[in-house]
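Shared between the two complexes below is subunit A, which has subunit B as its partner in the first and subunit C in the second.
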Partner chain A sequence: MSLNITTRGLDGVLAIDIEGKLDTTTSSGALEVLLQQLQGDPPSVLINLAPLEFVSSAGLRVILRVAKRVRAYGGEMKVTGAQGVVKEVLEISGFDSLLSLYDDEDQALAAFN
Partner chain B sequence: MHIEIANALEEVATVVGTLEVFCDNASLEKSTAQAAELALDELLTNIISYGYVDDSRHKIVIDLEIDSHALTLLVSDDGIAFNPFEHELPCCEQSVEQLEPGGHGIRLVKTLMDQCAYQRLEGKNIVTLQKRLSQPVTRR
Partner chain C sequence: MNELEVIGSFVAGLGLFFVGIKTLTTHLAELTGRRFRRLLDRSTRRPLLAALGGAALGATMQTGSAITFILVGMVSAGMISVERSLPVRLGAAVGTSAMVFIATMDIKIFILFIVGIAGISLAQIRSPKPFLGVLFGGGVMFFGLDMVGESAAYVTAIPWFEKAITGVNGAPLTAFFMAGILSLAIQSPQSVAILAIAMTVGGVLDTWTTLVIIYGCNLGGGLSTYLMATGLRGTSRQITIFQVWFNVITAGLLLLLFFLERSYGVPLVHALVTSLKVETGQQMAFVYLIYNVLGAIIMFVFRAPILKKIEHWCPPSLEEDIGKLQYLHDHAIDTPNLALELAEKEELRFLAFMPQYIEPLRDKPGSAKLKTQALGRALNQLHKAIEEALGDLGQHVRPEDSERLINLVNRNRVLGSLHGCIEAFCSSVSDAQKSTHLSPLAMLVTEAFDATLGNAIEAAQDNDLEDLTLAWTSTDDKSDKMRNIRQRFLMGDFELSDNERLDLMALTTGLERAIWVLHEYLGELVVADERQIHTYGAGN
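Showing the complex of A and B:
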């Protein structure tokens, strides 16, 4: 499987681990799964990109849609663990300054209000 | 390596997978391979999504070349004339709400690859992307 999405509950925060490749082929299915996970409107969402190997602009659109969805319902979203080419893509696209990015999960969890 | 695909989005993953194996066989650095894979994904997705005004089947040709200095990707299609590198790129959004989903693909290609060239020749768009190699190629 080129993309795997799993969730964990962390003291009121919904942590979503995205593993594999978030590209043209996997992005539409990923968006569907992620929006399903957000049903019930959790106020705090942590997107863990540490296991993500690859993200294209189609994948960025998925992350953007999720961020807008969380904000629209008054929630807070933080992104953690981006590394290598994934981090580079976030920086080139300007997402790094607009999304709340953290190097590790503990920092991100501590930053939730 | 010469590859021909139809203008269908499901072909993109196959070609990118082929490039991944090609880079792996040449023992390219992971960062070089990933940059090229991303650029090819973006370019093909753009061509297939926006390059045709009919519903006919079209052929897209991809050539992968490697020498001691660079990895080169040549992509040729018979879609509408379009130079992806001459258009202004979105930038400077101030918030997530302002951040638009489009336009980031070509910015990624231009930033991650060392050379991007376009020409229109005999009714075809021909894009050449090149990534310099930071270490010599050792073929397996």
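Showing the complex of A and C:
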């Protein structure tokens, strides 16, 4: 298994779990799947990166593109659970300042308006 | 001169020739001021005028191969296009025939003075002008060619060699190929032709054999130019291939006419030259002229389709493709407002090449440096070209556009620094990849920087103030983060070697600097956007 994307409903929030490796090989497919999930313009989206083992530059830009898409239709997106190398790449790249990052789901859910 | 000295002179001559051509090309590139390029641009705009100039050049310099290499140097330096250079080369082919007519002309003394004066000036003057390098390089090149020719002259004086020459009398195909091989070896078709003509006048060779010897030596001359250009790539190589086509087509056609005339008695070249009321030697010199004039006419008429075919075989090299301005051509400077927009497009194009440094880092560890060398040279060339164009624009822009120009100049300066920082960062990644302790960190920072860079490029291309501001924010100071990483590695479970410590330092500070300069560049874009002096965007 290189990448697995699943969704959950959490009190009106669309939670998307990304598991595995989000790299050059998997990123284009992942973007397609993620954009499909946003077709109904869900107002609150939570991206859970806790099960994600690795993210490449292409993967980071997929997450950013999803965030821009949500922002474009007036929704709100939060990212949670980033740890280890994934968290470090987010910090070094400065993407932590472009995304709303939270340590766990409860904090993120509480932060939705 | 004994045989070893002859060979030594020949090899030394070749060595000087190659050093000369390299020096000439390097200094020609430094001479590529926009004003000079425009002058050259004007003088080669009309093909017939360019051909006449080439004929004069050929008659003066007496060496087609040297003219080919001068044109190669000018094309490589971006002074003229291949298309414009071809009429000059064709004219030169005709001009070099003059040597066969006035075989006594000698420029060696002149060359000795040039090499001496230019060489002493280069050594004595603290900041010598590029034209001195051009003179020195050109002089050394001619000197080398002369040494090759001189050593070859000794070969032709050896009795067994003369005997071999007379043996080809009456055997046209053998004579043709022998002349070709000889010309190939001594780099001078004129010398072989003059020798054959002298033998004809002396009654050693008949006029029919001399005819094919002249065809063969010209073909050999073309092939020798091609062989000397084996190291060339891209458009520079196109000129030498054109030269080969010139000779293959002309020699092939004239050889066909020769057999038609010889076998079926159709009055053609031989009949024409022998009907001239001049001495035999001059009649044969006319054959040399006919070869080059006929070839020049054929190639001049069909130069466009032939060049198209050659371009297909030898596409521009990476340096030529990337290193030249794509939008901001010389004529655009005359319309400053448009030129400012085009300069902006050139800068964005420059920026968009930066991720090409990152991609090879994902291949075999340590192999990236070699792969990005050509890219580095090309981008330095492009950066210099943008800088020159902006300098020229400074003399043309209206006062109200000067702020926009200053912003563009600043951005170009920052882009130059960014290029240097990215090169240094990628080099440090390459070094760190060789260490088992540091390679995971090298991969991590590579991915992080690639993401930052990609986001910045996208924001710059889209020219959306909000995205630009966000990208600018994301590239703020990373020194704390980098310090933490360094500490973690230095205090970690494993002990780093001295080299690994240095690599770690280079890697983390390299990334820090690259992101900081990217931050500065994005800051310039934000300023330009806020003041509305940045008009170009993806939607425009």
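By definition in this document, the second predicted complex is superposed on the first by the 113 of 113 C-alpha atoms of A that agree within 3 Å, B and C clash if a C-alpha of one lies under 4 Å from a C-alpha of the other, contacts with A are read in each partner's own complex, and residues count from 1 in each chain.
Throughout what follows, contacts are C-beta pairs under 8 Å (C-beta built on N, C-alpha and C of every residue); 3 or more make two chains touch, one makes a residue touch a chain.
Note that the structure is predicted; figures quoted are calculated from it, not measured.
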Superposition on subunit A - do subunit B and subunit C clash or fit: clash
Subunit A: partner with more touched residues, subunit B or subunit C: B
Contacts of A:Thr25 with subunit B and subunit C, given as first, second, both or neither: first
Which of subunit B and subunit C A:Ser2 touches, first, second, both or neither: first
Touched partner set for A:Val89, first subunit B, second subunit C, both or neither: both
Which superposed partner A:Ser56 touches (first subunit B, second subunit C, both, neither): both
Touching partner for A:Leu64 - first (subunit B), second (subunit C), both, neither: both
Touched partner set for A:Leu98, first subunit B, second subunit C, both or neither: both
First (subunit B), second (subunit C), both or neither touched by A:Leu35: neither
Segment of subunit B that clashes with subunit C, given the candidates 2-10, 20-28 or 128-136: 128-136
Residues of subunit A at both interfaces, subunit B in one complex, subunit C in the other: 56-57, 60-61, 64, 85, 88-89, 92-95, 98
Parts of subunit C lying in touch with subunit A, wherever the complex brings them together: 358, 440, 444-452, 454-455, 470, 473-476, 478, 481, 511, 515
Residue numbers on subunit A that touch subunit C, as the complex places them: 55-57, 60-61, 64, 85, 88-89, 91-95, 97-98
Subunit A residues within the subunit B interface of the complex: 2, 23-25, 53-54, 56-58, 60-61, 64-65, 67-68, 71, 84-85, 88-89, 92-95, 98-99
Interfacial residue positions of subunit B with respect to subunit A in the complex: 9-10, 12-13, 16, 30-31, 34-35, 37-38, 41-42, 44-45, 91-97, 99, 101, 104-105, 107-108, 111-112
